[in-house]
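Next come two complexes built around subunit A: one with subunit B, the other with subunit C.
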Partner chain A sequence: MAVINFITQEGEKISVEGTSGSIMELATSVGIAGLDGDCGGVCSCATCHVYVNETYRKIVGEAEKIEKEMLEFDELAKENSRLSCQIEISEKLDGIELIVARE
Partner chain B sequence: MLDRYKQVCVIIGASHAGVYAAFALRKEGWEGKIILIDRDPNLPYHRPPLSKKFLVNGGEIEKFALKPLNSYHKAEIQLELGKNVQSVNGQEKHILLGDGNKLSYDKLILATGADAFVPPIPGLEVGKQIFTLRSAEDVKEILNGLAHCRQKQIAVVGGGFIGLEIAASLSQMGAQVCLIERELRLLSRVSCPEISDWFENFHAEKGVSIELGKELKHVKRSGDTFVLECKDGTEFSAEMIVVGVGVKVNLTLAKSAGLDTANGISVNGFMQTSIQDIYAIGDCSWHKNEAYGDMMRLESVQNAVEQAKIAASHICGNDKKLSNIPWFWSDQFDAKLQMVGLTTAYDKLCVRKESNSNSLSVWYFKGEKLIAVHAINHPKAYVLGTKFIKDGSILDQNKLQNPQIDLKPDLILA
Partner chain C sequence: MLIGTGNKALSIHLSTDIAMKDSLFQDTFEEARKQKGIGQMNDQDDPIVMVLRHKDVRKCAFNWKGFKSEAKPGRIVVPSEVNIRDTRQIPFEIDPPNHTAYRKVLESWFKRPLQEEYKNSLSAIISELLDEQLKQEATEVISELSLPLQSKALTLLLNTSMEEAETWISWGVHVFRSEATALDKDKANILYDYIEKEIDRAIEKPGKDLYSVLLNTELEGRKLSREEVKGILVLTFAGGRDTVINFLTNSLSYFAEKPKMLDWLRKDPSIIGKATEELVRYFSPLTHIGRVSTSDTAVCGHEVKSDSRISLCWASANRDETVFENPNEVILDRKVNPHVAFGFSHHKCLGATHARQIMKEFLRILPRKVSKIEILEAEENIEEWGDFKRKVGFEKLNVKLYSQQG
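Our next item is the complex of A and B:
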C-alpha cells in the first residue's frame, strides 16, 4: 500500500491510499480536480498530467517514448511532468507528492 | 422559487456523457438530487476499450468502470441501472419508466447516445453468430460466438474505426478476418486517402484481408457458415459476422417529448433543447461547433465530456465557455492514430513521413489555415497540431513536409 498525495491547482492537498492500478485510476476514483483520465489510460489525451516532486522522480522512473512525445510540446509540460495513467502504484511510491497540472 | 435543495436533475443515459454530467453538476454546485438512469445493468464503463483491450483480453467490465461505485455514493448520485426509460413528458416534467413508474424532474439531461446500426440487407439479422458491438454485453456475445467457430473465420462488415478495431482485435486473437467495405478505401468518411492507404497496408501486413468496393447484397446461411454475397458477384464465407457500419442515434425519448430533432437532438450553445429545461449531450446531440461553424453530431469521448461540462455549468447558472476542438484516437494492433480538428472543409494536404520510422502525419489546411491533423504513431504531431489549431498559427508547408527538418515550432512556423 502507498499513500499518494495530490495537490490541485487550487492548492488543495488530498492524500489517498492505493494498492494497485495506475495513479490516474486512483485519482479519478476519488475525483481529484483537474485529473480526468478521459482516454481511460491509453496515453491519448493528457488529461492525467502531473508534476512529480524531486525526491520521487528517480523512483517513478523514465517515461516511455510515446508518453514523452505526448508531453514534449504540451503547453503545461515541465521537466518533471508525467502522465499519471502510465505510473503504476507500488509501495515504493509511498509518500509521493504529485501536483495536478490542469485546473 | 423552488427550494434548490429539493430540485431534481434526472439524467437518462449513464455513459461517458451522462456520468460526466452527474459529477460535473456536483462540481458546479448543484445541491439538489441527481438521478442517473441507464438500461445497461453494468456499472458505467469506458466504451473505447470494448473494441480494443476488452475484446482481446476479456475479463470483467468493472475493470473499465468510468468511476468506482463508492464515488457515486460520495457524490450523492442516485444510480438506477438496468432501467429503461419509455417516454418523456416535457410539459408535465416527468419521465415514464419501463416498469410503469413516473419520475418528476426539474432539469432533465438526455445522454441517450446511439445504438449500432444494422443496414437492411437480406439475411443480415443480428442473432445467431451475427453481432454488433456497442455494449459490454455485445463483447461477451462476440467472445461466446468466437468460441463456437471451428476455423475462426470471421467477416467484419465496415471499414470505419470500429470495424478496423474489431478486425485488429479478432486477428490478434488468432482469427482469420476478412473485412468488407463498400467504399473504395478505408475510413473514407473521416480521413484522406493517405491515411486510408496506410491502414489498408498495415492491416494487410498483419494478416487481415481487406476487401474494398464490396457492397454486401445478401447473406445466406448454409449449415454453420455464412455466404456473404456482394453486388459485384464476389462471395465470402465466414462462420461469424460482426457488423460495424455506424450508428443509429437514440431519438425515441426526444421525440416522445416533442423536441426538435435533425440528425440528433437539436441543442443551442448551452446544450438546451427546444424545451429549455431539457438538455441533450454526447453522441445524441445535434449542435453547432463554434470553432468550425457547422451543425454536427460527433461521436467521441471528448465531445461527450465537453458537452457534459457545458450543460452542468449552465444548469448551475455558471455558463462555462469551452473551446470545443474535437479530438479522437483509435488503437489498432500496435498502431495509434490520433486526430485533432475536423477535416470536412479541407482544400490542401501536407503529408509528412518521418524517415526511419513508421510515423506518418497528415496536416489538413483550408487555405493557409490549419484545420486538422491526423497522426499515426506520432503523438508529437498530434500535440503540436492541437496547439497550432488553437493558436491559429500559420505554418511553412514546405518545411512541414520535409522530414529532414525537425518537427519543432520554431522550425516550421511561417
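Our next item is the complex of A and C:
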C-alpha cells in the first residue's frame, strides 16, 4: 500500500491510499480536479499530467519514448512532468507528492 | 457496383458472401505516408496538402500560430463549407487565447457525461434500442440503431426532451449533406433555422438545457452573444453526428465478423476502455481536418504557401507503422495507443467525453444482450480525397441480431 498525495492547481492537498493500478486510475476513482484520464490510460490524451516532486523523480523513473513524445506537445510540460497513467502504484511511491498540471 | 462522381461519396456494393470482409478498413494512405509523408487534393479550387505522418500531424496541430483554425468560417472543414455557412463554429474555429477562454466556460458542461446519472440514462437508451431490434428479423443498422442512438444520446448532452430526437432523426445522417450533394445549403439551413427557433424559445422561456445555459454564460465579463451561442450549438450538432454513427455501425460490422471478440468483451468487461480507444483508432471516423498556414513554410519538406490549406489526416496518423505495432490489426486490449482520432492539442474534440461514454456503454451492453450478429447486406461508404479512396463506414448495413438468451 502507498499513500499518494495530490496537490491541485487550487493548492488543495488530497491524500489517497492505493495498492495497485496506475496513479491516474487512483486519481479518477476519487475525482481529483484537473486529472481526468480521458483515454483511460493508453497514452493518447495527456489529461493526467502531473509534476513529480524532486525526492521521488528517480524512484518514479524516466518516461518511455511514447510518453515523452506526448509531453513534447504539451505546453505545460516541465522537466519533472509525467503522465500519471504510465506510473504504476507500488510501495516505493509511499508519500509521493504529485502536483496536478491542469486546473 | 455503384460508382458516384465529383464530390459525392463513391459507393461500392459488395456482396458479403464474396468478400466476407465488411469489417476490413484498409489504410489507403500507407504508401504516400511512407514515401512522401504528404498527399495532395483539390477542394473547390482551394487545394490542400494532407499531412500524413503521426509526428507531423501532432506537430502541426500543436503549432496553432503557424497553422490557424481561425480562418474564414467553414474553411478548415474538408470539404470546405465556406459557401454554405457564415456562422463561426465555436471553439473549433477560434485560436488561443480566445479559444482557451471559450473552452474554460464550456468544459464543465461537456464533462457531464462522466456523471453516473448521465451514464445510466445512456445505458437505458442503448438497452431499449437493442431490445427493440432483437425482436426484428433484420435491422438496417444506420437508420434503425446508430442514428436513433446518436440522436437520443444528444438529448442528454443538450439536456433537452427526448422527443427532440425524432426531429433530428428525420434529418438523416449528415447535417450539411444530402443524398444528392456533399454540401447542401438548403439542408444546412434546416439546422440553422431549428437552432434559431430553439434559441428564441430559450430566451422566452429559459430552462436547464444547453441553449438556456449558453445564453446565460458569461465570458470575460459579458454574456455570450446570440451568434456565439449559435456557433457553439452548430458545432455540437455537426461534430458528433456521422462520426458517432460510423463508429457504432463499423463496430457492429467488426463484431459480426469477429464473434470471438464479442465473447471476449462479454467475459472480460475490464478491457472495454482500451477496446473503445482501439476501435476509434482503427475506424478513425473523422478522416482529416484543415488548417490555414499563416506564413510561407514547409511540411515534411513540401512547400506550403501562406494562406493555403493543410489537413491533419487523423486516419493516416492512426495507422502510422512507426508508432503503432501491427497498425492494421484491431488489438482490443492495445495498451499504449497514442491515437489522434479525437484530434490533438488545443482543438481536441470538445464532445469526446460524450462520444467515449456512448462508445463504452455500447461495448458494455452489446455483448450482454447480443450473442451473434449476421451481416445480410452491406453497402460501403467510400470517401474520395484526391487520389485516395477511403472506406469510412457504410451507406447501408443490414444485419440480423441474435439474442444472448435465445
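Some points to look at:
We take it that the second predicted complex is superposed on the first by the 103 of 103 C-alpha atoms of A that agree within 3 Å, B and C clash if a C-alpha of one lies under 4 Å from a C-alpha of the other, contacts with A are read in each partner's own complex, and residues count from 1 in each chain.
Everything that follows uses one rule, which is that a residue touches a chain if its C-beta (ideal position, glycine included) is under 8 Å from a C-beta of that chain, and two chains touch if they have at least 3 such contacts.
All values reported here derive from a predicted model rather than from experimental measurement.
When the two complexes are overlaid on their common chain A, residue A:Val30 makes contact with subunit B while staying clear of subunit C.
Between subunit B and subunit C, B contacts the larger number of subunit A residues. With both structures placed on the common chain, the touch criterion links A:Phe73 to subunit B and to subunit C. In the superposed model, A:Asp38 makes contact with both subunit B and subunit C. In the superposed model, A:Gly18 makes contact with neither subunit B nor subunit C.
Residues 36, 38-40, 42-45, 66, 69-70, 73 of subunit A touch subunit B in one complex and subunit C in the other. Of all the residues in subunit B, the ones that touch subunit A in their complex are 23, 27, 46, 48-49, 52, 64, 67-68, 70-71, 74-75, 301-302, 305, 327, 329, 331, 336, 338, 378-380, 382-384, 387, 409.
Chain contact summary for the complex, subunit C toward subunit A: residues 55, 58-59, 61-62, 111, 273-274, 276-277, 323, 334-340, 342, 344-345, 348, 352-353, 356.
In the complex of the two chains, the subunit A residues touching subunit C come out as 36, 38-45, 64, 66, 69-70, 73.
Residues of subunit A that touch subunit B in their complex: 28-31, 33, 36, 38-40, 42-46, 66, 69-75.
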